[in-house]
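Chain lettering (A, B, C, D and E) follows the sequence in which the chains are written, and residue indices restart at 1 in each chain.
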Amino acid sequence: AGHGVSACLITKTDTNPFFVKMREGATAKAEELGITLNSYAGKIDGDHETQVAAIETCIANGAKGILLTASDTSSIVPAVQQARDAGILVIALDTPLDPIDAADMTFATDNFLAGQLIGQWARAALGDDAANAKIATLDLNVSQPTVDVLRNQGFLQGFGIDLADPNVIGDETDPRLVGSDVTDGNEEGGRRAMENLLAKDPTINVVHTINEPAAAGAYEALRSIGRENDVLVVSVDGGCPGIQNVKEGVIGATSQQYPMLMASKGIEAIAAWAADGTKPSATDGKDFFDTGVALVTDNPVDGVESIDTTEGTNLCWG
Amino acid sequence: MPSSDNYESVVGKASAEIASFAGRDKRLIDRFHHALHTTPALVPLIVLVTAIIIFGLALGTRFFSPFALTLILQQVQIVGIVAAAQSLVILTKGIDLSVGAIAVISSVVMGQFAFRYGLPPGFAVVCGLALGTAIGALNGWLVAQMKLPPFIVTLGMWQIVLAANFLYSQNETIRSQEIAEQAPLLQIMGAKFEVGGAVFTLGVVFMVLLVMVLAFVLKHTAWGRHVYAVGDDPEAAELAGVDVKRTLISVYALAGLICAFAGWALIGRIGSVSPTSGQLLNIESITAVVIGGISLFGGRGSILGTFFGALIVGVFTLGLRLAGADAQWTFLLIGVLIIAAVAVDQWIRKVAA
Amino acid sequence: MPSSDNYESVVGKASAEIASFAGRDKRLIDRFHHALHTTPALVPLIVLVTAIIIFGLALGTRFFSPFALTLILQQVQIVGIVAAAQSLVILTKGIDLSVGAIAVISSVVMGQFAFRYGLPPGFAVVCGLALGTAIGALNGWLVAQMKLPPFIVTLGMWQIVLAANFLYSQNETIRSQEIAEQAPLLQIMGAKFEVGGAVFTLGVVFMVLLVMVLAFVLKHTAWGRHVYAVGDDPEAAELAGVDVKRTLISVYALAGLICAFAGWALIGRIGSVSPTSGQLLNIESITAVVIGGISLFGGRGSILGTFFGALIVGVFTLGLRLAGADAQWTFLLIGVLIIAAVAVDQWIRKVAA
Amino acid sequence: MEPILKGRGLVKRYGRVTALDSCDFDLMPGEILAVIGDNGAGKSSLIKAVSGAVIPDEGTVTLEGKEVRFASPIEAREAGIETVYQTLAMSPALSIADNMFMGREIRKPGWRGKWLRQLDRAAMEKMARDKLTELGLMTIQNINQAVETLSGGQRQGVAVARAAAFGSKVIILDEPTAALGVKESRKVLELIQDVKSRGIPIILISHNMPHVFEVADRIHVHRLGKRLCVIDPKDYTMSDAVAFMTGAKDAPEAA
Amino acid sequence: MEPILKGRGLVKRYGRVTALDSCDFDLMPGEILAVIGDNGAGKSSLIKAVSGAVIPDEGTVTLEGKEVRFASPIEAREAGIETVYQTLAMSPALSIADNMFMGREIRKPGWRGKWLRQLDRAAMEKMARDKLTELGLMTIQNINQAVETLSGGQRQGVAVARAAAFGSKVIILDEPTAALGVKESRKVLELIQDVKSRGIPIILISHNMPHVFEVADRIHVHRLGKRLCVIDPKDYTMSDAVAFMTGAKDAPEAA
């Protein structure tokens, strides 16, 4: 149907498996629909200028639609506006723009909800011990990007900790919080951050991690001092190695997102826009199209809906 | 046995003829050689033009249009401005790893002063520029007076400034729409004008003017010559009567000021004020400088070369993107092309030697 | 009027007395001065010990325990190994921005060769080490033979290798548990042993041995002296009979090999094989080198200094985290401390001059 | 008569090496003072200490009766002391003209000089060419050549020309003819006489005894970091001088 | 007799400057050949061209009748040509001993030399000290001093000592005494005679006419990038030589 139609996929980076899978999903769908897909990515997390340049390239290239996971949700808006003025359908994937209606539509996970689910699960899993838990949060990096804040604060909210300013990590005063450190979202950072926090307080027993690689690193640190079995590690993402780690008890629970779904939905929307000018519509009651998030754990708790790792494995990416 | 007739007196009779060897200047190739020697920036210019022609042939009007070509200018403007600052520092045998951080904190200060404290935008801009200059001057003081290595000083400053930036801004972005409404002056560097399909912004004009002014200053003022002398051999410069410390401090301070202007241009380019921008400016600016032919060991090269160096990277990047290369393939190919560009550069210098 | 008696013949009668000035070697302070001159690595060592003592006093046994102190060793092992490679390159007046990328791609190759192709782990490790050496040798060839600036060569190589790494690995992580089951050899560098509360890993031991071997080689072999000579003044070295090209290529190749070992150690440290690791290794290794007192302009400094430089950063980082600074403040304070460490270093050198 | 430039008890140590060992030094107005001594005797260290290039560890320097403490060579230059260092102090990548006018560039007349601070290259090049021609350094083919492309002797000629052109109170020459050819050396000696006739005193460090005895009014013999004696070239032969400086003969009692 | 080292039609251009303008050159076995000429005449360029330090644009170099093309100074050294360049070619941060043995270090005997490739510092230091003492450079206080801390003359002495210690076929000295004191110069001249008596021919570039006339067997007069003539010091006076090289007098017909 979409002959001669071209589309762009712009991700934050393409080193993170999450975005790699997103691209695979988009590529598969584009091939199916006969759309030419060009994909672009920032060099590092937070590399905003490359994304602007990519949008400009898409305009110059005459693309019909752009799928975008923005590194900087409000700074990208003028560039997005420029693209929309040029008649391009812009769909935000994974991360809503600020304001959210700057894009034609958003297909996203609710990252705050993702955090909240693991927070609630952790609290329920600890039961009465939750009142004197020792919590460490392993976040992304010092610039505190939006996902980082949403997942962290969602987790704390879910665990029942007063957030103070919900836009800032680290301003909470709850004594159960031992501290937070940054991981750059990889194993090495996860291990180092965990070691630092353990040196500060070796009795930590709940660990929130920004993603599963960081969780794997944290687990190594715990294992090296023999505490891998009495600390609860929770995470967000739902990549296949992550789910496998949940199955093996490395991670207690993780919130799974669906990047391939976001991407393929996005490509479909661009095809529809190219064909007859229809725009996709939002999920009822929300201002974006929620591609869903599910808590994956083999230890379900009351009051928090979850799926088990077998199902998680079927749905996992990467 | 040391003997002596009055041999030295003979020299009075020596002819005053000036050595003149067979003139080799007639042929075109010799003129070209000579031009390369007197204008080192010609080499990156040749690489640049070649790259434009090749991409133009491969991609046709998608690339070879006023719109796309001026798009490159817009895309390199921030790097270009910062690279001009970086050139100054590198010419003195230094390196400035804090350029990106200075640009960002300056833009954040401009934004926050205007919005958080409600100061007049013009004043906020001046504060941002002053802050950038001050940080640069502090770098310079540490390098010149305390004799610390520039790499370490600016690396430390980079961390300090970046962290201060996050702490001060509380990671808050000021949205484009608000700026457009309440303090459009902050975005003025993004103001566009079109000349027959070619789109220019004030930021681009600023970059070009800046490069031209700096080229003049470096070549035609005492200060400029001192910058080269300090980079060439600081001890010799000191002995020859250059105030090395003052020159260094002024270079770093000026670099800070230019970076602050880059921060202002950044607001124009992205519309909003975002504390997370500009993280790659360090490496990108140094790349432009080195591709442009300025030696990292100081004292050699020209700022025009840097400008062409920045454009070379911009051309490659846009060209490859337009050609539809994947992000990773683009990175890989740009890596290859950076090496190739410098190899060609070396080759031209060699055949021209 | 040039006159001449047979004045030069007088010198035959000159006394053969050797200039000897009043001995100034008795006092302790003079011995200290002398030690600083002959052993430049002493200065970062003093800074390191001071830092440990200050943090020890401030934080008590939380910091000043065998566990915490050896934790620092574990945390710096990768940076320490890579910084050793970086030192070699910087001693030759070069810089290697591809160290991190080489480490990562080597670890990925070790993992993928063992898992994707089912090769024996030992062989996979050898392949990884060979790849690292090959990339390093290519860097060296481009620098020595093509005479390209090291900064550009390794910057380009960094992009190429990193992109190749992502393309080849398809961003797939190999999980720790799988490696432990099927190819534990890959994790061997993470093997632990305890000596009274102090925890060491094979990787840490490797780092320490590596530094000691390199220190010996640089000081006591012809190759080592040539490395210094090449960095000091390549033209003079060439004229004096050093094979500058061979020295350069061997240095870069060896650096590549060491980085590949760092990649192996990385698997031991994080358990898994992850293509996204090691992104900060470039800047961290250069920082360690410069804090350790090696000049970025080549030819001066010692590899022991680098080792202490890496430890200084490790001590500051852990110390500040233990003292309760949050991530952003730690980042800021480390910036301050990096500058301060080098300032103290300069100060010690000055009073000792 | 008071010395125009005087050093007392100068000490300079480099680590374990004592380059100046409480050395005294006097330069009288209008004279040519030669400083001779073995390699490593500390001659260069001495003139560096009086010209601000190094700061002596101990001792005082007096210029025209006033004690001075130069923190840098710039201050010494501003006080009128012009020095040609043994290492020449040139920026290799810059041109001959740039090097000659380093630190005291000539600006264009009119608004371009005043507002744009533009250099008057033509004037600087002309003056540089004139000075070099005076020294007979006409083998230099191009005044805009980078100094690094000059032969060793040509470089030294440029440095001497610079000092001669700008010195106002004292000119110090550290082995100015070491790398020069016969013709060029002769020109430098003529230049030294010429400068002296303008009333400017000169310190000349040289290993060339015939040259020293030809031009010097007094000879400062330096040995093992201090002044051994000062002799009048009319009273002693070259053999004597060499004998003193190498230690083959004891120094005469009073300076 | 065949020249041991011969150059024919050597041309070297630096950009617009022609440093060697089809220059010929002959060194006979066992002789001391002096090369004299104005500053910038191209003397250093000539010896660089025959010693592998620069590759001539045109022309041939013949060593013992065989044409050679040295791609680097190392090859020339391996062929037995040892050169002291005017720039001295030392690594400033390294010690005197390190510099003297650069590229031909002595290893420890036994397994430590064989397997650890450990250097025999004691042996190298002893030999370095001996060579320097031979040259009378006893003012050097510490053989492990970095070369950058030596005085200009001391540095030159180290470079000459290095060449004298290792040259086997030809030794080339580019202004070896320029920065040396009277005593040290004399030692170098003695050393030159000494090397000659060992049957090794020497090329000596110098601006010091008395020295040249004292030691040289033949004098190659260089002017404007080429050989003007070769004279026998017994047939001509210093005045003649200076007159030829400065162009004050026309050169004699046959070389």
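As a working rule, a residue touches a chain if its C-beta (ideal position, glycine included) is under 8 Å from a C-beta of that chain, and two chains touch if they have at least 3 such contacts.
These figures come from a predicted structure and were not determined experimentally.
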| item | value |
| --- | --- |
| Most widely separated chain from subunit E, with each centre as the mean of CA atoms | A |
| Subunit B on subunit C, rotation in degrees - Cα superposition, rounded to nearest 5 | 180 |
| Where subunit A and subunit E are represented by their mean Cα positions, the distance between them in whole Å | 71 |
| Whole-Å gap separating subunit B and subunit E, where each centre is the average of the chain's CA atoms | 45 |
| Geometric centre distance via CA averages, subunit C-subunit B, whole Å | 30 |
| Shared-contact residues (touching 2 or more other chains) in subunit B | 1-4, 6-8, 11, 14, 17, 19, 162-163, 166, 328, 331 |
| Multi-partner residues of subunit E (each touching 2 or more other chains) | 15-17, 40, 87, 139, 141, 182-183, 185, 209-210, 242, 246 |
| Residue numbers of subunit A (touch at least two other chains) | 14, 44, 142 |
| In contact (per the touch rule at the top): chain pairs | A-B, A-C, B-C, B-D, B-E, C-D, C-E, D-E |
| Of all residues in subunit B, those that touch subunit A in their complex | 62, 67-68, 71, 74-75, 78, 162-163, 166, 170-173, 175-177, 269-272, 274-280, 317-318, 321-322, 324, 326-328, 330-331 |
| Residues of subunit C touching subunit B in the complex | 1-4, 6-8, 93, 142, 146-149, 151-153, 155-160, 162-164, 166-167, 283, 286-287, 290-291, 295-297, 328-329, 331-332, 334-339, 342-343, 346 |
| Subunit D - residues contacting subunit C, complex | 13, 15-18, 21, 40, 209-211, 213-214, 224-225, 237-239, 241-243, 246-249 |
| Complex interface listing, subunit C residues touching subunit E | 4, 7-8, 11, 14, 16-21, 216, 220-223, 225-226, 228-229, 232-233, 235-243, 299-300 |
| In the complex with subunit C, residue positions of subunit E that touch it | 53, 72-74, 77, 83, 85, 87-94, 98-99, 102-105, 107, 116-119, 121, 136, 138-139, 141, 182-183, 185-186, 210 |
